[in-house]
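Working notes, beginning with the structure itself.
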């Protein structure tokens, strides 16, 4: 597979809040390999966006603190200077955001915002930059590219704005694209367009994509490998097939089962009891334990680590610990029927 | 755009009419006969009666009102009771004095206010931020008439640095052309006078600037902070833009929209609200003009003066609204 | 299933005026809902899907007369709702209720949950304070909350819990019909299934009828007996849920269904990617509203508005392909 | 895949009991407020002046009109901490009694404008159409006036006195609250919980009083606090122009006006009343800012 | 845009500099600062002191007052004769005088001037003419019957009936002589372009800011005026005005706060000028209102005011305690009257006799503006308030705007008020009749005091021509008024001016305005 583009090790991000420091991302490890689409799924507030912002170095030091290692092509970004980060941002790592409505500056033209990254990283003459920006807009399937350059964001529909965002992110041909819920705000038919576009970009440019979403369908559609997050921690990591076919963590299992399937009608949906915990509210043990139907005492007192199973799958659950309580497969049996 | 302006102007009419009505009734309900005031305490009853008649104050109020409005519609602001001069001719020097002062004050206020606001927002939670915002808070809490007195006490009486009252050197008065003395002195190449006029502007200018400056600083800071937290700033930063450029290119233009509103409002307020400053600094401005006219029961002056000030106020706000469109493409006036 | 109609809607329309120009004159209209007809049978769940802005919420609100329809008729158990006076309408409100999309905005932040749930009883004339309290506790238990929650304020609840409170409030007046406007869209998947289950349980328990509005086709299929698909203020297809999902007739429904990503790695979707965006309801296309994006567009689609007709038993669609 | 994983617990899951206490929005606001040091200083200043006002009779070393012409213009000293004025009255005592006047004017003028303004604002916001048009135009007119001139004219009409100054200040502040309430009504009216209230068949009046008004309280309180600050300055300004409190009332603005002629011989007579005005106003402003952060983060701009 | 009228600058600074370089004049510019601006510069059309002090420099009267008293002395008329019946006045004019527009000053000009007033019948604009000379042409009350020129330099004025203070009236600044040509030329705008024979001529006027006058090079009095230029500058606030004097922005100021006298005296560059007093400031009772309809109450309160303390504290001792409604400088002053002494016991006792053992509550109206006769009305009221409190009279100070104040006091709405009066022409009639005769109720008799005896005596004095006799009558009137106590006369203030020590030849006149012809700066 070669060395990963991005190698995140033991990432911790905390925020200073009124109730003291709150750990929002709590020891996250994952890799993104060249050309790969990595999916990060999890419920709202589990720390997906914060993880991506941490990678970009966009967590302001005044309100948050990032620690651990973030290696980008071997370079530790946490140690990198702000100047170095600026060189990397938009150039080597680009990002698109959830809200196409608010992520574009309303008072500047599309063209102006398109060439910004080129100005910073390439210092091309204006004409060249503009021409390139138009090309880029065309590439993301925007028909009236030349005209669009002089239009303002509010004159565009949500789908068009998201395409502009993607074009903007891709303009410097980054090695890694972080997409933070790029389609959540869009309608299904438009979402299909955008996902299609991203897939083809990934294919054509070999840009690695870190795809953040809470929609399992999107993950299934786009990604090769998947990381499941729960309350600031990675609870499971596996390739696409494994995740859907052989989910291990009770949370992953529950999650997959909770989604109503459009193709058939089940009499009743499975649901995970309880609520997503507030970040920092669970101090000891497995974060999922209060909602887990298989939790036993150890789950409540000790935090499990991310176990690598023989399949290459990683899971953070005491059920799969080899040793005293028997083999992994014994315990999964209680979950699987 | 033009249609929008016309529409706004059309909407002005009822407001201005309403104002005329209110000012008219207010001033006419103030007890005290203008004739008495004009002739003074020692005047005879008959003389007062005769003057009352001559001024047309013996006619029924509705007729007086109607006549006044009729005049207004023909662009006639009426004649001052006291001087008998047409107000249209008389008002400009006063207005110019106030405009010069307000403009000067506003420039100070905007310059210091906006910059302090930006720096505070930029270095949020720094000592500069705290000190600047404390000063701004004290600024909004400042009774300017007291500030004016204190300024005079310190800079004029104690330190003898700056003149206390008036607009120019009394012994070497500015020969008025536009009545905006800074301009007049420049036109005439009298740089010595220019510097005199400027010195005269300093104390009242700062007194008047205090409140808008404080408000603008607070406003700039908070709207900068809000903008700096917004998604598109994050986008810009994700492109590798440096924070400085992000602020100056992306934040300022957005943050300026609410600041602009405040600037417009405050400029309008300065024009009419400068009475206290004008009184303390003996500034022959429009506020003084109207205030004295109330004393003298010079009805036409009060009515037309207030009307002129209010019209300017409304126009400034119209201009501000139009400026929005220049800054914010989302606003389009059809 | 009993096929007794509870609610009948005929040619319902809602045009919102666009004001502008001088003195707020009307300069145009948003055709938010443009001629919708359907029937909801007693005890069933009718799903309503469609993309954002197609008029689902507007339709739902008109049914409760929270919005005054511009045109069309609504019959609830035979009574013509549009003929009711205000006070009659207020009484009628007991029969039908609404659950809202945003669990944060639909609860008054300054009232305790107890007060929020008590209000329907006060409004509908329950004088006895103690009885009201009892009923509130009962409601809370019904939706899976505890009686001690009554003292709390909405901001102390999670989204899913708030949605339960919203449902409890709707239940308070013993309605026959509940219009649920995207009740789970704002919720996380794991919470969404809790609420869906709750809705289903309540339906059984109280013999409720639902009009279930959503844009998530999976959810709609899961909960609905019959499903209507809306596009630009019109119903383009309406049928029994299984039939609609398995064999959609309208090209829009087809595209919509194919666009939904399925969380299954083995399933190979034959995706129809539509071009362009949804046109604005302020300026809808002539003829068939879908013709601008339709992969099977014909000449007459551009000029003639297709009728909404039954092409198979219980399966309605508005498309010239089936003329 | 659904075959692979079966349901485990089909019943409605019970939410666990959490023993979090009930926090009302007001209590919560107070918590936020308490954390704000600057706001607490504001509260401290305001409370200080309120206490002065209430216990003036006990605190003030002299009466506010204890004239002793022989003691004219004594500089700050042990007997007269802040000196005496030209009537030989103790400035400290006058400032203490003056707090009564300023606070009274601030509170009552603002209450007056809140009552009238809210009433008009609610009418305009709730009924819309021509009611709104008329009331809104009225506000426009009032706002287009240079407010201090308007106040002067009103006082001139009614005759200078504290009470009339108060009325004038109340009048010029009406549109502030009117507009605030109107916009609140308009926005609250669109809130989903109002639709929900309508859906359960609630009458307009009840909606207005149980939902719209309580939800407008926070901005009113915030705006009210800030308006008290302005009202105090305005009252002082009117007093300064001789249009407010009448002698021998120890109104701060009047004290300033009376002693500004002595700024050279007796600067303390000018200094202290001014400082008092500024401090009180600052107190209310700090408090208002704090309240805004605590009560109504949306207004924060 | 800009109006030429309000700012008709004819000479700019450079031209001025040239002139002084020629050596033709080097008297310098005097900046005289005062509290208000002129209204009009046509003297006959105004009644306010701020206008008159300016016209005084431009327009001259036939006869003038002595420098610091109200004695009549020759001016444009070098001599005059009065017929025995007091009905014919013949004035002999100075010869060879020209108005500053170059036209001649002669008998015709005088006739035209007086006829302009006499025939105008315009009470509104020519108020002083009516009030001092009874009425216009054809009116029964008119004093002047006819005016005729007898040759170039002789003017004969015939009267309908004798008027004792006729010459004093003619000496009043409002009756200055304007150039008839200029009046015709400027028409309505004459009041902004006055042309006379005076020591200075009008140059420019910036409203509510300053009026500039320049030297009349052809002035008929040799060697005068000494100054090149006078600027009348408006500085409203008394202390600001003093401040500008101290820092050298202005040379001379009026309206010095008594409290600032010390400050001026301490400054070795400055001096004080005192304007001889011709005024009275008083506390008036509305004798029609309870309890002031009872003379005992009025007397009681007269005993309760410590006049000397008031004078010491609010006039800084620069006033004289008043016991009569007219100042001692006016002929006919009765100095034999013994004032009600400050005696709280007596006051209380009188109150008790009147049936107000526990005192009463009352409004005291205090004027809101400083006046020459009472620079500090509000504060004096505050002190009186403190005095009255000691005898149980609880006083509530009421103030309102000056215009309203006058109107309401005039209408008799006030029970007790502060006011005052400055003499116009230095005649007793101008005090006693104007202020306390029953005819004046509704105008200047604010106390609404009506005493038939007083009335009879005053009317008699008006037509008497014998000075002695008139004085006797006035003394009698003062005694009656003292006993009735409709007022508490408080003080005759000496208005204070301050200026540079170097100013010489400046004599403040009791009437409130004076010529600057002899004034020098250095």
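By written order: A, B, C, D and E. Residues from 1 in each chain.
We adopt the following convention: contacts are C-beta pairs under 8 Å (C-beta built on N, C-alpha and C of every residue); 3 or more make two chains touch, one makes a residue touch a chain.
Which chain is which protein? Per UniProt: A = Peptide/nickel transport system ATP-binding protein; B, D = Peptide/nickel transport system permease protein; C = Oligopeptide transport system ATP-binding protein.
Predicted model, so just to flag it, every value in this text is computed and none were measured.
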item: Chain of greatest Cα-centre distance to subunit A; value: E
item: D-E or B-D, whichever has more C-beta pairs in contact; value: B-D
item: Rounded Å distance, subunit A centre to subunit D centre (Cα mean); value: 48
item: Separation of subunit B from subunit D, taking each centre as the mean of its C-alpha atoms, in whole Å; value: 25
item: Chain centre separation (subunit C, subunit D; CA means) in Å; value: 46
item: Touching two or more other chains - residues of subunit C; value: 161, 194, 197, 264
item: Residue list for subunit E, restricted to those that touch at least two other chains; value: 400-401, 404
item: Subunit B, residues touching no fewer than two other chains; value: 30-31, 152, 157, 279, 294
item: Of all residues in subunit C, those that touch subunit A in their complex; value: 51-52, 158, 160-161, 188-194, 196-197, 200, 215-219, 221-223, 241-242, 245, 255-265, 267, 269, 271, 273-275, 277-278
item: List of subunit E residues in touch with subunit D within their complex; value: 238-239, 257, 259-260, 262-263, 309, 312-313, 366, 368, 378-379, 381-383, 385-386, 396-401, 404
item: Sites on subunit B touched by subunit D in the complex; value: 14-15, 18-19, 22-23, 26-27, 29-31, 137-138, 140-143, 145-147, 149-150, 152-153, 157, 219, 222-223, 226, 258, 269, 271-273, 275-276, 279, 287, 290-291, 294, 302, 306, 309-310, 313-314
item: Interface residues, subunit A side, partner subunit B - complex; value: 53, 56, 58, 62, 82, 85-91, 94-95, 97, 99, 102-109, 113, 116-117, 120-121, 152, 154, 165, 168-169
item: Residue ranges of subunit B touching subunit A (in the complex, touch as defined); value: 124-125, 230-242, 249-250, 253-254, 327-330
